[in-house]
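What follows is chain A paired twice: with chain B in the first complex and chain C in the second.
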Partner chain A sequence: MRLVAYAGVVFLAGTLLLIVVLVARRSFLRRQAKVRGELVERLRPVAIAFVDSQEPEPAPELHGRESEVFAELLGRYARNLRGAAWGRIAAYFEETGGVDEQLGRLQSRRAWRRATAAFTLGDMCARRVVPELVAALDDRVRDVRMAAARSLGRLGAVEAIEPLIASTISGGVPRDVGGLALLDLGPPGVPRLVELSSSTEPAIRSGAIELIGLLGEAGNAEPLLDHLRDPAAGVRTASATALGRLGAGEARDALVRALDDRVPDVRAAAARALGQTGGQRAADALLPVARSDVFEPARAAAQALARIDPRRVVEAAVEPDAGPHLREAADLVSL
Partner chain B sequence: MSGAASAREQPLVLAADDDEDILDLVAFRLERSGYTVLVARDGEEALKLAAKELPDLAVLDVMMPKVDGFEVTRRLRADEATSRMPIILLTARSQDADVQQGFDAGADDYLRKPFSPDELRARVQAILGRR
Partner chain C sequence: MTEILTAYSLVAFFYFLVLNGLYLFLTALAWRDMGSELRARRYLALDEVFRSPLTPGVSVIVPAFNEQAVIVDSVRSLLALRYPRHEVVVVSDGSTDRTISVLEEEFELAPVRVALRDGISTATVRATYVSRMHPNLLVVDKENGGRSDALNAGVNAARNPYVCVIDADSMLEPDALLKVSKPILDDPQLLAATGGTIRIVNSCGVDYGRVVDVRAPRSRLATIQVLEYLRAFLVARVGWSSLNALGIISGAFGLFHRSLVEAAGGYWKDTVGEDFELTIRIHRHLRERGEPYRIGFVSDPVCWTEVPEQFSTLSRQRRRWQRGLWEGVRRHRRMIGNPRYGVIGLVAMPYFLIFEFLSPVFALTGLLITVVWWILGGLSTFYFIAFLLVSIGLGLLLTTAALALEEFNYHRYHRRRDVARLLAYAVFENLGYHQLHDVWRAIGYLDIARGKTGWGAQPRRGFGTSTDPLA
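After this line comes the complex of A and B, so read on.
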């Protein structure tokens, strides 16, 4: 009986102690957040004036939490800036040793520390860390690989295109993370992508071509035309899609020929692309596909035709052999 | 340019973006370059401010909550009071089609994010200098 009472007292004391600890911790964290918020408000104008100064200015003298918050603000601004302001941020992190510190953390045994370092390095504008970040794409932990991919995009590391594509295709980094990183590289990455579009690996070829469609311009269409005859259907589909996105008028004839491809996905992609490039010849070629092809190509062709020549779709839809896709497209036109 | 606009000592620029950091950077650079800056954090607020203050120029983010930059541009163009207001779109997108969509909506120029504050100032100056 006494033992039970004793255990009850111990349990009660333990519970009370736990509550006190939790309340104290919560209060401590709230105070920390408040102090941090005040520091952010105070240092924000200082950080902006530093990154956007007309003449190179020495960094403000800051210590402890102040310098941590200042660095965090610079990292945030780095995501939105380029040009001279970007260079100032890079110089700050080099001079204060921030880059070397994060490079050291990238070798840590703890995965969360490596991931944080890989992420932070992308906001430090330090292009010299690209080889280390490329190596981090092979890290055994996915969070580290994702952070490295994101940072390579942020740094505009065109030289990392190939490992980024390979990592995205292999699933080393999720497709959306890898895709965003590659998009971040922007048009300067296109020449390297054109080289990669001749890779021996079909997946690399189609990945590179897809990105050319997103990052390139009409002048980049020419090297893609041959890929409409690629042995791999995925590459032909990617080429048709990219040519449509580029709005390449000179691709029209090749895209019309691709409407006869043996693979329905390629025919559908070619039809969609013709809808984007437009023209009378495209409309003439799309009509029979919209009438009689299998579901996906026929539907894509009807919608593409509606985009080029809505009146023709409405007229064709009342004919006996119109088929469901032309009628559907005509209904959408009349909405 | 309206009477209110021409009476101002400093040109008035409307900057609209839902990202506080970008608003800070845009406002700082333009204020330092001699402009008065009004800030809006979504498309709806931008439209209200534009109608009330008739700024000399607007710098609009494309991807804004409530009303996107394309739609704000279209509505400003449709309103007689703001139809001639120069508009620069800030876009994070990289496709030419999005830029074209901005011009179709009535924008005068565009700037890609991440952006260079020097380039922003130069474009604002170029547009306001032409008027």
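After this line comes the complex of A and C, so read on.
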């Protein structure tokens, strides 16, 4: 019984201790925030002048908290800058040892430290870190791989395209982050993606084709046409989507044929793509799909038709066999 | 008789210790996980998700029944969400007030014959509207069929692969959708659903559908509910989620694969705990198929919601929650203790039955017998004081730990007096409110026995915004 009473006292004492810690930490944080706010206000003009001036300015002499805040400001600006400002920011982080410090942290045993370092390196504009970031794409922790992919995109590391593509397609890096990094790198990755689109693995083929759609141009459409007859439905869907994004007029006939695919997702992707490529023949083929196909392809076809020929949608919608999707598309056209 | 009462008093005390021991364990897990989540904010790459053309679309579904006081602000906040591709689907569930009219006036709705999926059966849809100003706002006007029915109609109308469900009296923070969807986007094969934190908006400053000044509620009852919500979301949900045994994604803020909701059969209409039931059914659905999955919880994204400030309304809400809990547990009773369902069957479901549903029985009878038995001289005063010390001490410790989690990691309450007020109410919560809460939930047993159904009235005060939609 005495033990129970002691436990009660311990719980109450624990509560009081927590309250004391809470109050102390709150005061500490308040002071920290105030100091930081003042530093940001003071250093912002200095940082702007440093990255933005016509004549290169010497890096300011800063220490401790000041240099941390200054580095933070430069890192933030680096996300929206290119050109000469980049070089200045990179030089600053090289001179102050920031780059080496983060490279050291990239080897830390703690995953969050590695991820933070991989992320921060992307804002330091120093391109010499690319090999280390490429190695980080194979890290066992996804957050580190994701931060490295994002930084490689930020740094415009064209030489990292192959491993980035591999990580994105294999799922090592989430599609949205990997895709955006590749988008930041631009068209140089397309030839390798075209090679990968012939892989024996359907997932790799569809991933590569999807990325060709994002990074490529109309000239890259031709290798994709064959994939509209790929045995894997996912690849056919990706191919139709990519052809639509590329606005490939020469793919129109193949896309019209894809409207008869046995898989609804492929038909829906083909319909959307036809909406992007346009043309009278596409409109003729979309109308029956919009009228009578199952939900997703019919909706996609009606919307694609509205995009190509709004008047035709309005006329078709009053017919008795119009179906719900044409009526919806017609009402949306009239908005 | 003496032995029986003493034994029961000890059993109830033991039950209380186990329950609170479990809460302490969850608190420890929450502290651990919260640390990782805080560190991860440094490299979350939300900007990349926002910019990426590969980020999939989300349909935000808002079921609304007589929500004229809050719907405009709510929709406005949802339309302003920072997410690359999202639509807002408001489903008016046979509202008899001006819910549809205020939306029509504010967002220039036009009737559009929207094609709806028929995957989940619902009450008849009377009309559908699209906003001229915001083409990504869709309003579905349907006959009354209950909240689940409205949600199912929203799922049928959704045009995106993911659906986010929120209450009409709630507002999401601008980044909330990005944050709650991030785990699913990072691992779409594994994550089946995610939920976010609900916080209390009463007395906060709201401007154009956004919370601009976070304050502790002026109402005493709402203040105590802040503490309850902190414990429920920042401690319990985070803790259960780290065990992959999250039993509920709140109906006020949850994100699901649309196809998974359809495959599971949509929201169950014969319950008032449709969020709990759907979460358990998704666990069951995926476990029975042997598919690897996780149902996650992200504590950072916040949905602000209004809570009751009257005892009568709060009592009705808690009785309804008790009924909803029972309906869900009863429907999935075969999962209880069943190893086929892994940690959800072996730990979470027994917890819901023994420590959630039955807790009023043990709490009230244990307290009553202990007090009466002490008055009658059957228990020593020392035992009685020890009992009180442990009960109050543990309760205070758990609440303070939850508040400390909030303070250390989120620091939403900037005013010192707000934090002091919350700390003070931790005492009132343990000395009176908990017991009253148990009484309400015990009355819930009577509602269950009487076969009560339905939600009852839910009066809304509105967010006190700069623009009153009814003015």
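Following the convention adopted for this analysis, the second predicted complex is superposed on the first by the 242 of 335 C-alpha atoms of A that agree within 3 Å, B and C clash if a C-alpha of one lies under 4 Å from a C-alpha of the other, contacts with A are read in each partner's own complex, and residues count from 1 in each chain.
In this text, a residue touches a chain if its C-beta (ideal position, glycine included) is under 8 Å from a C-beta of that chain, and two chains touch if they have at least 3 such contacts.
Computed from a predicted model, the values in this text were never measured in an experiment.
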item	value
Partner chain in contact with A:Leu22 - chain B first, chain C second, else both or neither	second
Touching partner for A:Leu214 - first (chain B), second (chain C), both, neither	both
Touched partner set for A:Glu328, first chain B, second chain C, both or neither	second
Residues of chain A touched, compared between chain B and chain C (which is higher)	C
First (chain B), second (chain C), both or neither touched by A:Asp52	first
Touching partner for A:Ala84 - first (chain B), second (chain C), both, neither	first
Which superposed partner A:Arg76 touches (first chain B, second chain C, both, neither)	first
Which of chain B and chain C A:Ala147 touches, first, second, both or neither	second
Partner chain(s) touched by A:Leu183 [first = chain B, second = chain C, both, neither]	both
Overlap of chain C and chain B interfaces on chain A (superposed complexes)	79, 183, 214
Interface residues, chain C side, partner chain A - complex	36, 39-40, 42-43, 45, 47-49, 51-55, 110-117, 130, 132, 135, 159, 185-187, 189, 380, 382-383, 385-394, 396-397, 400-401, 403-404, 407-408, 411, 416, 419, 423
Complex contact set, residues of chain B against chain A	19, 21-22, 24-25, 28-29, 32, 94-97, 113-119
In the complex with chain C, residue positions of chain A that touch it	1-2, 4-5, 7-12, 14-15, 18-19, 21-22, 25-26, 29, 79, 112, 115-116, 118-119, 142-143, 146-147, 150, 153, 171, 174-177, 179-181, 183, 210, 214, 295, 298-299, 324-325, 327-328, 331-332, 335
Partner chain B, residues of chain A touching it in the complex	44-45, 48-49, 51-52, 54, 76-77, 79-86, 183, 186-187, 214-215, 217-218, 245, 247
